[in-house]
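Encoded as structure tokens, here's the structure I'll be asking about.
The chains carry the letters A, B, C, D, E, F, G and H, assigned in the order they are written, with residues numbered from 1 in each.
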């Protein structure tokens, strides 16, 4: 367990995590004072490790992005409930098949989907995002599936009843990671409906991340992609 | 309110209900003593009204079916958690389009699906049942949808995540009644997952009956079919 | 599946949906940037399809209604948690019986009830709305039921314990679509109490839409009305 | 606090409770060994206090009823999930208006309704029970309400969506105690649907007892009846 | 059913309700436009019936109280999440025992407790309120119980785990109406913990109103008090 | 971490646990084959460590108790849903104050309460059990509290609404561990009502174990008692 | 979509599924009549596809295993709530790294863990199962993690609070699939506690399957392993 | 019961509580008017008892701290959702081992952790707080555990899945009090996930306080520490 830590008043950063498990520690913004957030970002950037800050409000994000030269997901020109920021990205992995396909049922699922994209790109892999391909118009879902046909891993992001995950799981050969979102109304209960639906899916071998947890889905995709590299 | 009642020690039958709303009162079997159940069936048959008994255990069903010449749904040769029994069916309605398509995602959903079929047939309409057409193999769902293309109303019966209702709702023009079932495992929670999923569906205008409530779905279909006749 | 799509940066509109299932795609406003919302409304209006925008905040609604000449449900002079906007309505259907009766238990249920009215009217049918007819004064419910006696389909909108749906279902011959609302206090749990109550109703053949989902109920009514026309 | 106790190996009986609050301690049968149950019944009968044993399985009930000369509710000739047994009843209260009306929506609610009747009668008041008067045929509910028009207190026992409590609460002047039951299917969730429905009722001043808790409702009725006597 | 209604654009007032069931219809403020609220209050006052408006925000309450000469519960000098307003009170009932004791576990439960007081006083009975007598210091609870010893009915208002209802139910002879409140933290879940606790109480014959529903508890008390008068 | 393990086909026993944390590993009986259970008990007894087997069905318990000379809690002459078995008890701790008071609200809570007693006695401390002291007769609770006045730690075991924990927590100086049980009906929901009630208690510093988890409460008491010894 | 189906009276087998997504359809035993189950197994074996039957009761499993020469997981000499049966396994994949490590927190999790093993082995990969390595003795967890150090994918099976998944996710580089089980007591709520715990884990990139869904976890592992092969 | 009370318009202070159970009554700030809060603090300080005010918003806290010379936890220079204020601390207890170790999984758990520290220090004991030691980097957890090795009692504060409590419970000999927090996202459900996880922990003898209830955990620690002193 060759872990290595940076401890300051704002927290206790696990900068050895990527050496240990292939994924860097991320900084969760909500509830942190500005000064603490800045201190943690500085420490993380200084360590040379890829730096990801999640769930940042738009105004704060604009300041931090400018101050530290971080990239925002989604772009700050979008209206989104929160953004992820990234710095110190690793060099891109060259292999052609190292792509993660991210399918989002609605445009309202964008912030979650792009959080996954942020992780994938910052760790050096490619992401291919297709938005608004939910099954209310299933032909649209089929077209989206074709667009990501070469991806090594699929992430399906959906709110409402989350049925896109079942349709994709029944048609695709790749690993499928489903992410329920808090999008929807009437009976979506903050994402719990999509979550249970994805867990109970009749499609085989679909696995699930927490509600709105694009970050976790991106990390799971990285684990799979790295295991592919490892196997060569 | 021209209601008319038969009151005996076993209950208080609303034999005027079909005159009032077009649907007969049904007899719910669980928890009723044999003598009471027999008394109620006799009173209902004597009234001349269509007689439907729901949720009958197999052994009881065999005895009652024989004694009163009732028809069982599903057939008593099947293994099912319960059956519906019917007597005094009304004369079949002749119109070609008077068919209800019943799509059941799995064979384990048969008892619920046939409860709906029981209501539809006993009230004089035709039912077209397709079993085992869930979306894990979506081509199978599409074929099933073609088989019921001429039906005036569709009933979709599904457990697990209930995604068949969303797929059907996105492709069919007809009224779509979704019935969640308690089938499934892992995360189906006795049908609640499918129920919420169907309520939160991204497909437009899909309405929902209670868990395992094939009887209610059949009644809703009759309301719609009768309204069609009424409109001519 | 003769679907046809309009894809732009703001989303992927399914403008062929009405040709496919008789109902147009609608635009859900929450979470969309102003620019995106405008772009989608423009694309939808340009396609010539009926255009419905749901859950619009009052201020935004006033601007959009003026800019695009859309109609607001409820009227913008009312205080409502949200409004629906409609443009490109189809020509009214002439048949006398083509009316949807909408019964709302309380005035606080108005926004949900009018969302259903919006769908019905924009698709060319008539809606007859009766407000404040809940069963605490059951005579009032009976009077309301008489007022909509000629409607082909009934939509019952209610919060609290939703008992109006049971009373209507026990007295009316028409198809009955129940819509639970998040109205109420004490034990209404954001509409879940009314939802479960409506699903468990002892009245036969009542079907249910999601919480506050007037849009879905309106669509279901259209499916039924169209099926009537189809049958002629 | 003039309480007085009988303590033995089987428990610690509060035989002074009726002197203190007007209601005797009752013996809850489930989970008690036969010997312990017998010991407690003997001690209670010996104290001269009214003795009520609740939730007794049928076979056990038959033995105990015979051995101690107890009365069973419902009668042991009925099929019921459990029965209540009573001994040492107090002398009947003479006043004409001292009646509790008990309205049960379905016959399946009988065991709960008769548990309330057991308490009322054993404490010396009259009970008037009307079964099977749920609102699916609301005329039946109105007739039942007339039958209990002279009662001083009403107990409404209902499963499914429990709407009978709302209808009664909107029409009756008396105190109304609602008891949800675990009867029903589809979406009754062991009585929780009726419970929440009764708590959220739009009818004013309806109060609620626990699920299947006919005993508690009977005790609440006694508190009210006694307060009437006390006021004279 | 001698009901009588006032119907205007703002609603459909049941002004005959007190003649029917002894309790007037109340006006629920949330979600109502100012103009509508004013119109309803005017109509109600004009009918001569006692007029109660519930859940009014403080600023609105101050305006309305002044404009119509209504009394506020709690007094507007208090900080409370909402207030009830009352006008047209009926003449006080003279009988000495016509008092409702209202016990509130904490001062934070005041708004709920005073909503009950508002109903009781506006309908002509006396209320005796004791605040802050929860069982963490049980001696305090005993003293409070003594203070309301002569009351004909007890209302117990409590959040957290609601144990005050159990303690009172075990010691008092009167009818006991328990009202759970959304007060508390850690595990009170918006009042559900107290609600279930009160429903499951080991004390006999305690009945329960909805969460924060002081209005309902007050109405239930009136039903009981009126039944006492009726019996004389 | 000087842990030491015994690994065989039936499991992987942590026989060094008591050296590490002062508590031995226990054997959970449900779901284990007879042969496996016997093998684990033999291995545990052979290690010389105190041996506790929890949740054993009565018949199995009788056999195992005889075969291995284990002590049963509760005694096998009692009717209980399950028993705990113990062998290799440690020598009794002499200090006078080393007693755990166990208060159980009802006799139906005995099996849970005695599971705690089993742990306490097997680890060498004294337990003082008082049954049937729930607050429906609060004088009984006060007497029970006096009986355990000298105990160093209190365990309160209660189902229904669990209010005994609040009353004890408000009166006792000792550490109070509350254990909710699945006892009760009406609204106890398998112990969740008591659990939430205990977590939300207004009494200060009461901590909670899982539902029916007398074993865990006993272990927590041991941790506290040992810390007392450690402090000397 | 080159799907191919076998349709008979017992169901509609998707025998082309493995060609489509790399995983064969499986047969879920519960609720199926013996004759239907036999017919489906015969059809599946006849198609030449790997045949997996899940959730078979022990007695039925013994008969079927003997009749069709199927292999049982767990071995029929074990006591387990259900077993999986397998026939027509594919030829083993030779590559050294093609191993799935399966870590089960307790021996009671065996049936779920072996269901995953069944899928993995039947599809030609190796499985390495370590039982009873939960974190109550964390040294045991570390040893288990070393034993599966060379595996390409890890499956973590745990009930109770499911913390093993968090510990493994924080230390291992591989893809980690967590499977909550219905094992545990006190507060495990049929597996929901472990499920939510695994979804909320602070460890990065852990994904989750449904409760007790070893089958789904096995399928997800195959998707990952096949994607590795595909990448070469 | 030598209790003593101060009753004023703002409440009914139990100033005799510390004499009775060793813990002072605390003042819960939310929902209290400024004037009432000031009156209660004045009364409490005047009584000479240790005075703790919980859940104070930052601005109010700054004013009150200055006005009454109270100490804030956390320091007012921190960003925290709320703070606790303390005055009249008791003299420090001298014994070396009288320390409570407080381990918080993340920095976002600080407000809860410091609420516990506030209680401990105000009652005269020492607290040793270690922040940000969750198990995602388990080496960090082990180091934190070493830092508090001499503490007499451990409090573990964690959100997300709360696994730190299980790890600590498996390694530490001391009493362990777990406090779930509402920190986390994806599936933490306002702290319920951590709460259930801690209740279901496989570690022995871990007890649980309510969500975010650092105050309660601090009180429980004091009960334990005092019992240690008492035993000497």
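In this section, a residue touches a chain if its C-beta (ideal position, glycine included) is under 8 Å from a C-beta of that chain, and two chains touch if they have at least 3 such contacts.
None of the values given here were measured: they were computed from a predicted structure.
Both chain F and chain G are touched by H. The pair C-E is the one among E-F, A-B or C-E whose contacts match those of F-G for more than half of the residue pairs.
Separation between the centroids of chain A and chain C, computed from CA atoms only, is 36 Å. Chain centres here are Cα averages; for chain A and chain E they lie 50 Å apart. Distance between chain C and chain F, defined via averaged C-alpha coordinates, is recorded as 57 Å. For chain F, the set of residues that touch two or more other chains comprises 1, 106, 136-138, 170-171, 186-187, 195, 199-200, 204, 209-211, 216. Touching pairs of chains, sorted by label, consist of A-B, A-C, A-G, A-H, B-C, B-D, B-G, C-D, C-E, D-E, D-F, E-F, E-H, F-G, F-H, G-H.
Residues of chain H touching chain E in their complex: 1, 3, 5, 10-12, 14, 16-17, 25, 28, 30-34, 36, 55, 195, 209-213, 216.
The residues of chain G lying in touch with chain A in their complex are 1, 20-23, 26, 95, 97, 152-153, 170-177, 195, 199-200, 204-211, 215-224, 226-228, 230-232.
Chain contact summary for the complex, chain G toward chain H: residues 105-106, 134-138, 160-163, 166-167, 169-171, 184, 186-189, 192-194, 196-204. Looking at the complex, you find that chain E touches chain H at residues 78-79, 81, 107-108, 131-133, 136-140, 183, 185-187.
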